[in-house]
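One chain, subunit A, appears in both complexes that follow, with subunit B as partner in the first and subunit C in the second.
Right, the complex of A and B next:
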């Protein structure tokens, strides 16, 4: 009996170790490459270590920094717009029952599941007539397709557990609508807004095909730059850009690790990251 | 203000944006797939794009490959994710660290994972070097082709890497919410460990696993950058083929690209139907 449980325990330990190894290992060669000089087959590790790829990545000629600021700006703008539009919509879905609610929910869920390539070719045609192709604003707008439904669904979950009676009390005690929102509603929903916003940011941060088609190759966000370096065979620079590119996500994961372990609807957004 | 008015005003901006961008994009895509676009003088719709699509061998090969990628990735990810959740729900030393490492790649974009897989599994990649170290191969070309290969192994490896934590975190949350009471009852009534998993726990978590799998299937069927980086040239995955046709110098190929986009949208529509059925049934029960 004792030996039996010992075997089961070691099998459990081994499969767990294998699982974690598999989930981490693809990031390892990227990290090593970023510090390698001419790491050729069959060397298991680079013969020479260097900071050249990092120096190049942070220099003005590589375009990495411009891409980084652009990607941050696009993601911040898409997130801000998603908050502005998604919080009210989430309130309607979380607090009220109304006719046609199922259709509204379906309409908001659909862009989460339908792949970008299926809609973006049609949007490209619309944006050509509006003069929004090859522009940063066009890219920000098209990023709303994955970020806005996501923000709305997270906020619907938050408002489903929210009691609007407090607002009525504040109003009856003489607070203005604005003051009520600022002092009563916002503090109650703020944790939800922050988590939703962090993940909306990540969803925009990881978009590829929407940016490629609407930006027409002129709006070069980090993933587009990363893809270009990856296909041009500059593994060292690719590694450095990849490390820069995954940093915000890992910071956000550390900040929100607690929310994830619960039954938060926020996790669903990772389907699009 | 009446409740109806309030609801309308709260929803209007979001529904407006989704209608114009999402439904608008789909509608224009559909019109152009019929070569119908009065604004630019195309006033006579036709089925030419669909006819040439459904009589093209490349399209069928591409569709079959994409379905294979999506189906295989989803099934393998779901099975491993359930097993991983069973492991991680136990309490053990260092659980916090392991949970963090398990969730690490949730926030890592697919493209980064694809490049990592490329550097690990290509014929001059890390595993080929290890094989050389152990004397199993002497030249890179002797290492089996696991990327740019006809079976899309590299692409599937990438999706499995990325989707195990995605499904796993959802299943783990479900298991923690259920607790172990049901299984304890089954065990005390004489069920084996396997029986209490198969007949008690699995039916309880199955709808959740399926709805997460539906999201994964739709994503893996429609993603562009991963097969573009790790896939072979011919046949290419459907989204890659659609993009190539769309950016072809020959503008006549555009309706075909739109028709492929519509095929992907229809498949995603089926997935949405399945997803809403699954989640509704879960709410009802």
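Right, the complex of A and C next:
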């Protein structure tokens, strides 16, 4: 029995080490590049170290900071719109039975299954007639296609585990609909809203094709800028921008690790008594 | 003090043909405790939700002291509903739960604190204010839910199956608490239950609803002594139904001629007698000779199955009265005149 637990423990250790290796190792050369002045093939490490790439990245001429703020703004706006649409949609899917529910569920999942590039050209034509191409708002709207499924599915899970009778109880005790939402519904679903919002933010943050086509090259978010530098052969600047680009993902992973791993139990809802 | 009047209240859920509630009319006098009794799905919870404003009626009228309330929003009706599973808000302390209704009414903080303390004293849980609802037992949660409803001094209090989640000894404690608080505060109270025992121990008057229709609205003991129909008698545990015909004074059936109490209806009908009203031994009137076909031990009581010809009767008696009586014995029984009643054929 002791040998069994020892085996399990070593397997667990190995898989954990492998996972970290898998995630971290690709970043190491990028990190080194961002501090290198030239790094040629046979050398294990660069000959000279410098902060030039970082200085350039944070200077006005590179456009990195502008691009960073733009990316943050697009992701925040797409997240906010996802919450506005995804919470009521998730409530409908999680709480109520209605005709055609399966079809609605499938349609909501579709953007996760169907590659973005397959639909974005069609959307592009529609957006041209609506005058939404080449604009930040067009990009924000098109980001809803991949972000909304995550938000809606997380909220559907929360509401499936939620008892709406609490709202009736609050109303019966004299609470207005707004007070009821604020004091009773929101505290119950808040953990789910946060997790869904973080997902939506990250999904928007990593969009490339949708931004490129709808933005028409004029809405340059961080991944587009990163790709420009990567293809121009400036490995040092690419490394610095890549470091900036992956930061939110790591922060969010640390923030949600406990909730996603199930250590804290439920992600939300009251549960039925 | 509010007189509740319900007239022709009807609810048809979209997509269903049969009404969930069919032309219910009830007068609930001010300050009384009334039970809506019926099996699950009979329309009683539907009725409560319509009174509370949580559900829109298809037709009919509800008035409080003669004034229609159907256009009032739930938060303005002065009606508070206590749900069966208590529904204490899990993110608030017990004190915040109890004070919720006053907070919604924008009372000053110190007044809320004082009244919450008084209310917790009243339900005999003075020290639990700082706890979270999940730390309370079922019985304590029930009391807090009651306190949360009573603190706003509603005109009408609605209780959904108030005793059904409690074990036997807590039921009586809770029954006494509900009755004494309701009497003291004079709140017109309506509660729904599927349990006839819960209805009769708690209510002044009981409204029995079967299949969305009101079958009888009466003081509790009437349902045992003077049921309106066989369905009502069966719901209250009646087993003994003998077809025959009544002259008003006597009932003619295969059991012979039996004397009836005053006021019994005449014509063809069904004779009914409660199993616990049947007496062993001969009497000056209504004596029958029957055969004991079975004897079943029920703990504090014993059930005898009796037969005469094709007619069978159930009797429930205390063990000392059936000492020495067993299957196959021929015994005399008597049916006290006041315990008999004639049910008219249902049309």
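Keep this in mind: the second predicted complex is superposed on the first by the 239 of 273 C-alpha atoms of A that agree within 3 Å, B and C clash if a C-alpha of one lies under 4 Å from a C-alpha of the other, contacts with A are read in each partner's own complex, and residues count from 1 in each chain.
Everything below uses one rule, namely that a residue touches a chain if its C-beta (ideal position, glycine included) is under 8 Å from a C-beta of that chain, and two chains touch if they have at least 3 such contacts.
Keep in mind that what you see is a predicted model, and the values were worked out from it rather than measured.
When both complexes are superposed on subunit A, subunit B and subunit C fit side by side without a clash. When the shared chain is aligned, subunit B comes close enough to touch A:20, but subunit C does not. Contacts of A:172 after superposition on the shared chain: subunit C is touched, whereas subunit B is not. In the superposition on chain A, contact of A:96 is made with subunit B only, not with subunit C. Look at A:126: by the touch rule set out above, it reaches subunit B but stays clear of subunit C. Which of subunit B and subunit C touches more residues of subunit A is settled by the count: it is B.
When the shared chain is aligned, subunit B comes close enough to touch A:245, but subunit C does not. Looking at the shared chain after the overlay, A:6 reaches neither subunit B nor subunit C.
Taking all C-alpha atoms of subunit B against all those of subunit C in the superposed arrangement, the shortest distance found is 7 Å. Comparing which residues of subunit A touch subunit B with which touch subunit C, the overlap comprises 270, 273. Subunit A contributes residues 12, 15-16, 19-20, 22-30, 33, 40-44, 84-86, 88-89, 91-93, 96, 98, 104, 106-123, 125-126, 129, 141-142, 144-145, 148-149, 152, 202, 205-206, 208-209, 212-213, 223, 226-227, 230-231, 235, 238, 242, 245-246, 249-250, 252-254, 257, 260-264, 267-268, 270-273 to its touches with subunit B in the complex.
Across the complex, subunit A is touched by residues 49, 52-54, 74-75, 79-81, 83, 85-87, 89-91, 100-101, 104-105, 148-149, 152, 158 of subunit C. On the side of subunit B, the complex with subunit A involves touching residues 3-4, 6-7, 9-11, 13-15, 17-30, 32, 37, 39, 80, 83-84, 87-88, 90, 98-113, 115-120, 124-126, 128-130, 132-133, 140, 158, 161, 164-166, 169-170, 172-174, 176-177, 212, 214-216, 218-219, 221-225, 228-229, 239, 242-243, 246, 257-258, 261-262, 264-265, 268-269, 271-272, 275-276.
Residues 163, 165-166, 168-176, 179, 183-184, 187-188, 270, 273 of subunit A are the ones that touch subunit C when the two sit in their complex.
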